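One chain, chain A, links the two complexes that follow: it is found with chain B in the first and with chain C in the second.
After this line comes the complex of A and B, so read on.
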């Protein structure tokens, strides 16, 4: 009986065009839209010149290669990387504190120190610039000694190397794991949204088993089978369909849009499965506790999902920051934020406490929703059908 | 006779509206019981209460001699329901729909296959097994709805207005199918507001109005309940009001209604009324172009009992 209902539920769900649109096609369309929209934004962001400082010292003055490289990179041109000020150490650290500069460089006898406060995109550019100059410097040192004294370095080459690497976001991220491309968060919220849209699928199953929601629900309620058997097999089928949708979305974003989730695929899969479970439970709760018709419920589910995704940063990462900072509780109970933050944590820190915390939060959220749903689903007779 | 359903003192309200008011009746093995009543009389509410889908304030329901409960799966196993609304999956074909619902009762695949085929043959959907519900006409869809409810060969079948909005061909197919189910041993509760259907297939009839039983019995029993026994319709060229008044004084005449050149005369007793009337008209030199006599229909009975038309 369980398998009979499971098999037919799969058939019904996979053939339902509107469900398939919202849970399979719509996220892919939205992802494509993001891709087109953010490609330009991303590029603009990377080419924006930022402010840095260099601590005034004899080491700097004598480091011809760096001195020239810095001058070249701050020269007014299309390739300008940053604006530079040469100041004393006290001023430099004050400027950094006041966020007037992204960071400053301090030269010692043999080395150069990069002092920064944050881990944003500009900090990484700065680090990369220093790395690039250093490695070029070494090559020259190893080959033609005299060149160094003349300070003969192909500066344009250095800068164009930096730019090139910046444009290849994939490469760029590998250089510094601590840098997260702005747009990545959008794809995370997209996956969160797709996972929660999966709620429409479980809601469909719920509706088809409640006599007050659909005529098929009436028929199913007259069958000699416990409602729990019908619901569990149906919901299992709904989870399978949801996960299929997410797999498609991953395949599309990874292979077509070339998004790099930069993590262990199994940890991503775990997050997606737990996210789907959260979506399923969201569909169950909206399906059971709202006393309205099927279409209104679907509308509400979509609206709620959109809103939760918005809070977790879908229409701009600022929203997530604002909420994380001011009303953190909101994103702690928001499944979309848990999914988004899970990916975020995975990207930043890998399999560590923040990721695990999000996974556990999602499980707790799902269990609470399912528990409340099952209490109201237990009801056997209805006042009106 | 064995009682299959026993309904005692059933009452059900929707908020302020009393949909069923202290209803009691029995359904006997092997019969087709017609629940006849106008829109809103409580037919569907009665069925849904018997099935325990609806919460009701008062009353007891026994099916197959046992108290009906939502989890009385042994009872439910032998029941088939055809709801008033079509209840099928849009995403499944005709065959799949029947197989799905049948599968909730019959696990054995081989047995189920033959059951599903029987159901398809009964409702005549053989050429449409691969069709989706959207591709079916109204009549065919109703037939699919029935097939989904009876494929598991239930002993007790509820049919709630299975022929609404169905053309005469499909209707006859459906009615024949229902009779066949009864002949195969099923007990059937059939609701409708079409009197002809009830007269055609029901062994016994309950007339419902406003959640109450107005009358109960076979077609003939119900008709004998009526005060009037005969109705004569007369189309005359010309008739004086004096003559009409004279007809009204006939011993067996109940009422005379004149509508222009048409007269409808109803009789309390029904012997030789037509002969008496024609010779009287001859003697008064009244010529008529048409005259015919009818036995009262269920509609007349209903009209008499409630003062309103059954089809309103």
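After this line comes the complex of A and C, so read on.
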């Protein structure tokens, strides 16, 4: 009987177009949108040499310190700051207006003016550059004065010494972790969402077995089969459908979108399966505890899933971080966050306690949900009317 | 009137959906409200950094106080986990570890043995520039001044340069870009709310039993369609007004300036396109379950590809090319243009008029498609 019901549950599920759309096709579509929209976002946030202009004037020509510094900063190298064009004032302001340049420098007798059109990081860096040249001038003056007061009159030598030191590159030991791509979180929340959508599948199966929900439910309830057999076979079928959906999603993201999950694929798969179980159990509990019609139940399930995904960072990863930092307990009981955090831990820290903790939390969460559902399903009786 | 009333009765049943999407607009459309400073002068970007100071010396404290001036110090728990998390989620873009023995190393001509962590984005570059500049200055000046306090004050004095900056823009770009982001995000919720509700309402009218009941009634089908059209137009206008009021609550009087009115006009035209699209989709799709799938795909695809969620400048070229065939692209293009335009005049606004014309053409295309589709349905 178990196999019989399992087989028919599978058939019913695979033939339900709307369920298949939401669990199979929708995550794939969403993944495609993510991929298209986020492809360049991190690349855009890294530093690129930007364009500036300098107004051509005798003041600029005679300002050897700045001229040298500008040449140095626009030279092709790893430390290149900007591309520079020397033009007349009219062209410079036209270029600024057309947003061809970040800003331009205009030299006067003893001063330099920075003309920009906006507040932003590149504008700040341009100002930083000018400040730095001015600071270096001050440092040189200070040093020369000190040396002269100490009796060292060879100031040419002092200047070239200081200049050399100021032009030296200073290296710091970078101890950052690798794997810093934060758009990965978006794909993790996508998998979390797909796993939790499994709730819709199990809820559908529960509804099919509840006499107050459908005529099939009435028919099933009168059959001389233990409830547990019916439910377990139905849930197993849901899990199979759910995992099929996830496998499709993984195949699509790994081979077509070329997402690099960058760690042991089996650990990822394990997390996805445990996550699906949590999703199914969530569907079970909403399906059994709420005594309302099918539409209302699925509305509530979608709302709950969306809210949980929102807290776990689907609509912006900052949300997950803010909650992790301030109300960590909230994400510890949120299955969507457990899934996302498990993937995050695996990606960023590798296989260690944080990942295992998330797996265990998901299992505990699923067991509690299933336990509550089974208690509320037991010994249900209907009055004779 | 019965048709008209029924329309609103069904709309009322879906008020949860409308409220949900509107809440989303309020939360995400007005995000970053904290950086709420009105700037007519230049404001430097400060990198967000974390400093771990393990050297309890005067020079180490000097470095910390220099960064307190020039960067935003982020407060996190002093564990490696918390710091790594902060870097990953870009709460901080740069971490500076001042090691024990920093002062001695600097005074002996070293670089201080500083270790860093970096998120690799441009603000981390800025933080590194600040650090490099500071270390260079202190290295050079430490040769001249042996007293640490004098040394620090000389370093701070040398680095305390504030070059003259002239900001040419006369408009408040920060405020305007926020308003434009609000409207950009509204393109998503607008499509979702209009498409969703109108399609659902019309599919209730199209339910077989209801349909039969309507057909046998004495009302002329033209009159019936007219009421539906009026009711759905009123509904779209209601949504635009609702969003305008919300914009007014969030952004105040900016909403009704000349520029603000152009945003509203643009939104109004866009809602008309959404309405025509909704009517077309509801002719094609009669099944309620299919409606929510299709509406989600239509709304999300436009939101992701046209710049409602992520600013257009950050989208890849290829995606922007694809986006040209979607109406939301032209709507968002107008919003972005308005945020940056210096002077408003009829000729300056030419690109906007063109965008609006394109939106109207989209609407006409949907009307024509709708006619073709409904004629075919009649034959069937």
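Assorted remarks:
Convention: the second predicted complex is superposed on the first by the 248 of 385 C-alpha atoms of A that agree within 3 Å, B and C clash if a C-alpha of one lies under 4 Å from a C-alpha of the other, contacts with A are read in each partner's own complex, and residues count from 1 in each chain.
Rule of thumb we're sticking to: contacts are C-beta pairs under 8 Å (C-beta built on N, C-alpha and C of every residue); 3 or more make two chains touch, one makes a residue touch a chain.
Small disclaimer: the values here were computed from a predicted structure and weren't measured.
Touch criterion not met for A:333: it reaches neither chain B nor chain C. In the superposition on chain A, contact is made by A:117 with chain C only, not with chain B. In the superposition on chain A, the chain among chain B and chain C reaching more residues of chain A is C.
After overlaying the two complexes on the shared chain, residue contacts for A:364 are found with neither chain B nor chain C. Once the two complexes are overlaid on the shared chain, A:251 sits clear of chain B and of chain C alike. Once the two complexes are laid over each other on the shared chain, residue contacts for A:382 go to chain B alone; chain C is not touched.
Residue ranges of chain A in contact with chain C, taken from their complex: 17-18, 21-22, 26, 29-30, 33-34, 36-42, 44-47, 93, 96-97, 111-125, 127-128, 130-132, 134-135, 138-139, 142-143, 146-147, 162, 165-166, 168, 170-177, 180, 182, 299, 303, 315-318, 320-321, 324-325, 344, 348-349. Of all residues in chain B, those touching chain A in their complex are 14, 48, 51-55, 70-71, 73-74, 76-77, 79, 81, 83, 85-92, 96, 100-101, 103-105, 107, 148-149. Contact residues of chain A toward chain B in the complex are 1, 4-5, 8, 11-13, 15-16, 208, 211, 214-216, 218-226, 380-385.
Those residues of chain C that touch chain A in the complex are listed here as 16, 20, 28, 31, 39, 42-45, 76, 82, 84-91, 97, 111, 113-123, 125-126, 128-133, 135-137, 139-141, 143-145, 154, 157-159, 161-169, 173-174, 289-290, 293, 296-297, 300-301, 304-305, 309-310, 313-316, 319, 322, 342.
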